[in-house]
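First chain A sits with chain B, and in the next complex the same chain sits with chain C.
This part shows the complex of A and B:
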């Protein structure tokens, strides 16, 4: 399929009929447009003409009223129209889809006042409305169109494919299998199974009147009721699980969005715990010091008292010495006096002469003159000193605890510094970060952030429970089906009715066909996976700028993981830019493997990429489809670099130009653009 | 002659004592006062003569026994300073110690208990 021309009229910012002609040549058409000029409107125009749907800037779907050109509306024109000329299988088609006002409505004020009109012209013949509908559905279903018409944001959806349990991923997987032609096989399988079931039911109705098999048909009816109940239960469990998965996905986003809030909150908690620890050390040490200080006066004054005691002891020693000398001399005098009295010297052991007596008497006088003993005052003083010594001694034996206080105080001061540091810097900083995060998170606080995580855990556990339940019901369903099969075989074997016998053969045939289709699905799905993986890898490697990235690996959902060259392992956390490129490679691979081809329209597809990756992706554009229409904004890609890199593939460059605030037009790109 | 049973301390001394209590180093101003007297003797014994100090009466009134419940200080000071008015000496030591510590705290901006040991 090739697009030839698209024309919009009174649609979005395009009031007058405005067209984009696609060259007959394969390649890339670039339509440049600043924000708000009408790039997304053009993408909407394709969606509208092919699927009858539009999505406005706020995400509202099918709000057609908002797509009527404002200036046109002011002039009383309440309709819009999109015309797509295309070529498919050698025939020319024109699809005209428009929005018109319902009869009897002068001025529409709601979408209920509008209706949609579709007309398809096939090689000059106008098709009936039913054929027209059939034609547009056949050339591109809504599910398939997501691979042809997409914007940068839609690319992010493909990240869901990596999540095996994702409902949205499952839906995209189903779309992927549609574009790859899988429905031919899946419908074949389900139709064959349905035919076998219908024939078997009819045959049983015929056989139930036979006495030989009636008891088996009754059992069969009961088993079928059981099967019906089990299938309803399975459906219920799946629906409830899917609702949980949706809820979990929402929570997952919230959990991811609030990750920093939780991290910072944990950090704040750690800081507060550290603060409390230091505060506790301060408290403990201060209390210990305070306990020591209570009786500190005793050891504090002890050194002074000891010094005083030493002075006292010294003074007392002087007086005591004087007292002792005096006593010694008194004994000597007494001794001499006795010798004089007895006229005999006991030392020399001979009588004392008069001359010696005179010498001894002179000596007594000399000794008396040299020794004066303690004065009465000195004696009082000595006694006073002795009393003071007795008092002070009692207060000097207390051990000094100043050193212990100093050691404890050092610990106290260090803890206080740390506490203050935590409080003044770390805590203040984290509180400021948290405040900023709370503002950015539109009022979400830490409590809510932890609740999201808690709820996420609970919902995940519930999903696991549902999965277990689903597995159990599936096992029961298989058993019931086996029982039904055996009962059916018994009925067919025991029945004598020729219609039943014939029906048995038909059922066997239909089941064989269904089995062939089922096997075909597995084989085809396996082949598709391998082909998509190979082609996506080829495209990805042409864009890849990371030396260690060796290729892509596909999962059951068609989700692709980048594989490292160095160790053959998946790259665990990819940036948004790389996710974007992988999604782009997947789309390219799907186009290569789809049983039909078509143009690709991309709106602002590079917004998540850096300069180098944007350049790589631009180079890969010609690989993904024969016709590519790219709608970048100025600055999203480098015009001159793009012309250098894929110049041969650029078939035209247009720009969406401003006429007024509510009106744009499309024209050829000016040469200096 | 029996000495006084009540005495007052100056505003500055009271302020310093309150600071020690406020920062939890002591449970009461009395404990801080006893510590201050001990500090004055330990660190400034040779510099000060408690007998020559004079501090006016103020409103911060205390019972003497709340500082010296068993009379130890009275005996020690009497012995240490050879005075017959040990309670007056003790009061002066308390006030001098508190005022000096208060002055040092103001100068450094921080109460560091180890500065007074």
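This part shows the complex of A and C:
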């Protein structure tokens, strides 16, 4: 399949009909565009014309109203159209898909006021609506288109393939097998089995009237009834499971669409918790400071009191000294008087003579004469000083708590700043983001966003239960089929009826065809796995700049790991950039092994890569498909290096240019661009 | 880019030729085409496959051998 031209009209930023012509030559077309000019709109145009779906920048799916050009809308044009001209198996096709306003609606205000119209022209003949639908689904199913029309973010999805137990990985595996053509084998086997069953039923009708086998045909009828019941039960379980899957897919879209809402809501919760913590710190510190300040006057006046105490103690020193001296002399006098009174010396115990007694009395008189004790006024003064000293000492012993207040105040101030910061900036910002998200999510609020996630989990669990039930019924069906097969064999062996014998041969014929398809599944899957590993390795090694990286190894999910040359072991942790390149190599390998080829459209595919890896990946672009349309933004890749590296493969360079704030156009790239 | 439908065809042909040579190669190939052309339409896919198998099985004779 080759794309020849795509035309968009009143779609996104493209108001007037705007086209990209693809050269007849194989190679890479580059459409340069700054962010917001319409690159992703072009990718959406392909998705819309082929699958009837669009995804806006906020992740909302099929919000068609938001894709109507703003200027066009102001002029009263409420429709848009995408036309894709292509060539498939030698025939020319034109697919026209448009969004139109429902009859009776003057100005659409919601997507319910719009409807989609599809028309396919095959070599000049307009196909019926049903054939048109059949055609677009046949050339590229939605599941397959994800490998042809992708953006850089989508490449990250393929990392899930490395996780053997990932639900998403399983779903991608199924998509991969679809692009590789596995359904041809799986459905080939089941449809052939179904044909064998129809032929066998017809054959048994012929044998029913034959006496030699009638008892077996009766048993067979009973088994057939059992099988019919089991198949009905299987069908019921499958239908209920499929309804759940549909519901889960819807919920998955809702869960994905509201991911930001939940993330922002969690962030808001964290901010509020942080605010509460800071508020609590403010409260605690405020209370502690108030408690300390209550008695603060004591330690605040302590320095003044301490000085007063020193002055007092200084004033007391003379009086105190005088008092002490006086007391010492009084003790000596008392001591001498005791000696005189008791006649014996209290030290050596010898009797005191008269002469000594006189000397001692003279001594007493001398001491008394020398002693200048405290006057009564001085005694009163000293007592007063002592009383004051006792009071002052009590107050000056109170510890200074200014430092603690300072520390607590700093803690309070820091918490208050953080609280205000959270409240004035973080909270306001997140609330404004949430408000914008709520508006974009058509009224969905955070509560609903979490409910979607909860419901998604419940529905997924229910699907798992249905799967178990389906497996059990399938096992029962297999047993019944085995019994039917044995009974049929007996009937055919014992029957003399030529028609029955012939019918037996026809059943065996159909069953053998089913067996060929069935046996082919594993053989072909193994072969594909090896081929994908080989081709992905080839593409990867073209991009690889690490000397020790020797190739890629595939797992059951088609997930690829990089293998080291030095020890043949997988590289344990790969950077996002390397993951991106491995995913790119996988997509290239899938294209090489798919039962059909088609163009690859890539929107900003290099955003996770460094300069060297971007350059390597650009070089590998021509390997992945005959027609590649790349939509980079300036700076994502180096224009002159790209022209040097893959110049021979570049078939055209275009740019999306802005006409006005709500209008863009596509033109040839200017020479110095 | 190669046309991998040929490889799928050749995988089944190898199985057929080695284990089930009595089955005509054309019927397998025709079913592959029907399956490939109607991947999005299960009812049509099943109907067309059955039609092909019945059409080919009608060439079988009761007394052994067939009209292939």
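Quick notes on this structure:
In this text, the second predicted complex is superposed on the first by the 348 of 673 C-alpha atoms of A that agree within 3 Å, B and C clash if a C-alpha of one lies under 4 Å from a C-alpha of the other, contacts with A are read in each partner's own complex, and residues count from 1 in each chain.
Definition applied: a contact is a pair of C-beta atoms (placed from the backbone, for glycine too) under 8 Å apart; a residue touches a chain by one contact, two chains touch by 3 or more.
Just so we're clear, the structure is a prediction, and the values are computed from it rather than from any experiment.
When the two structures are aligned on the shared chain, A:194 is found in touch with chain C, with no touch to chain B.
In the superposed model, A:71 lies in contact with neither chain B nor chain C. When the two complexes are overlaid on their common chain A, residue A:300 makes contact with chain B while staying clear of chain C. Contacts of A:406 after superposition: chain B is touched, whereas chain C is not reached.
Of the two partner chains placed around the shared chain by superposition, neither chain B nor chain C is touched by A:398. Of the two partners chain B and chain C, it is C that touches the larger number of chain A residues. By the touch criterion stated above, A:292 is placed in contact with neither chain B nor chain C.
Looking at the shared chain after the overlay, A:669 reaches neither chain B nor chain C. The contact surfaces that chain B and chain C form on chain A in the two complexes do not overlap at any residue.
Residues 134, 137-138, 141, 178, 180-181, 183-185, 187-188, 191-192, 194-196, 198-199, 498-499, 501-502, 505-506, 509-510, 512-513, 515-517, 519-520, 523-524, 527, 591-597, 625-626 of chain A are the ones touching chain C in the complex. The residues of chain B lying in touch with chain A in their complex are 24-27, 31, 34-35, 37-39, 41-42, 45, 72, 75-76, 79-80, 112-114, 117. The touching residues of chain C, when paired with chain A in their complex, are 1-5, 7-8, 11-12, 14-16, 19-20, 22-23, 27-28, 31-32, 35-42, 45-46, 49-50, 53-54, 56-58, 60-62.
Contacts from chain A toward chain B in the complex involve residues 286, 289-290, 293-294, 296-297, 300-301, 303-305, 308, 388, 391-392, 395, 402, 405-406, 409, 413.
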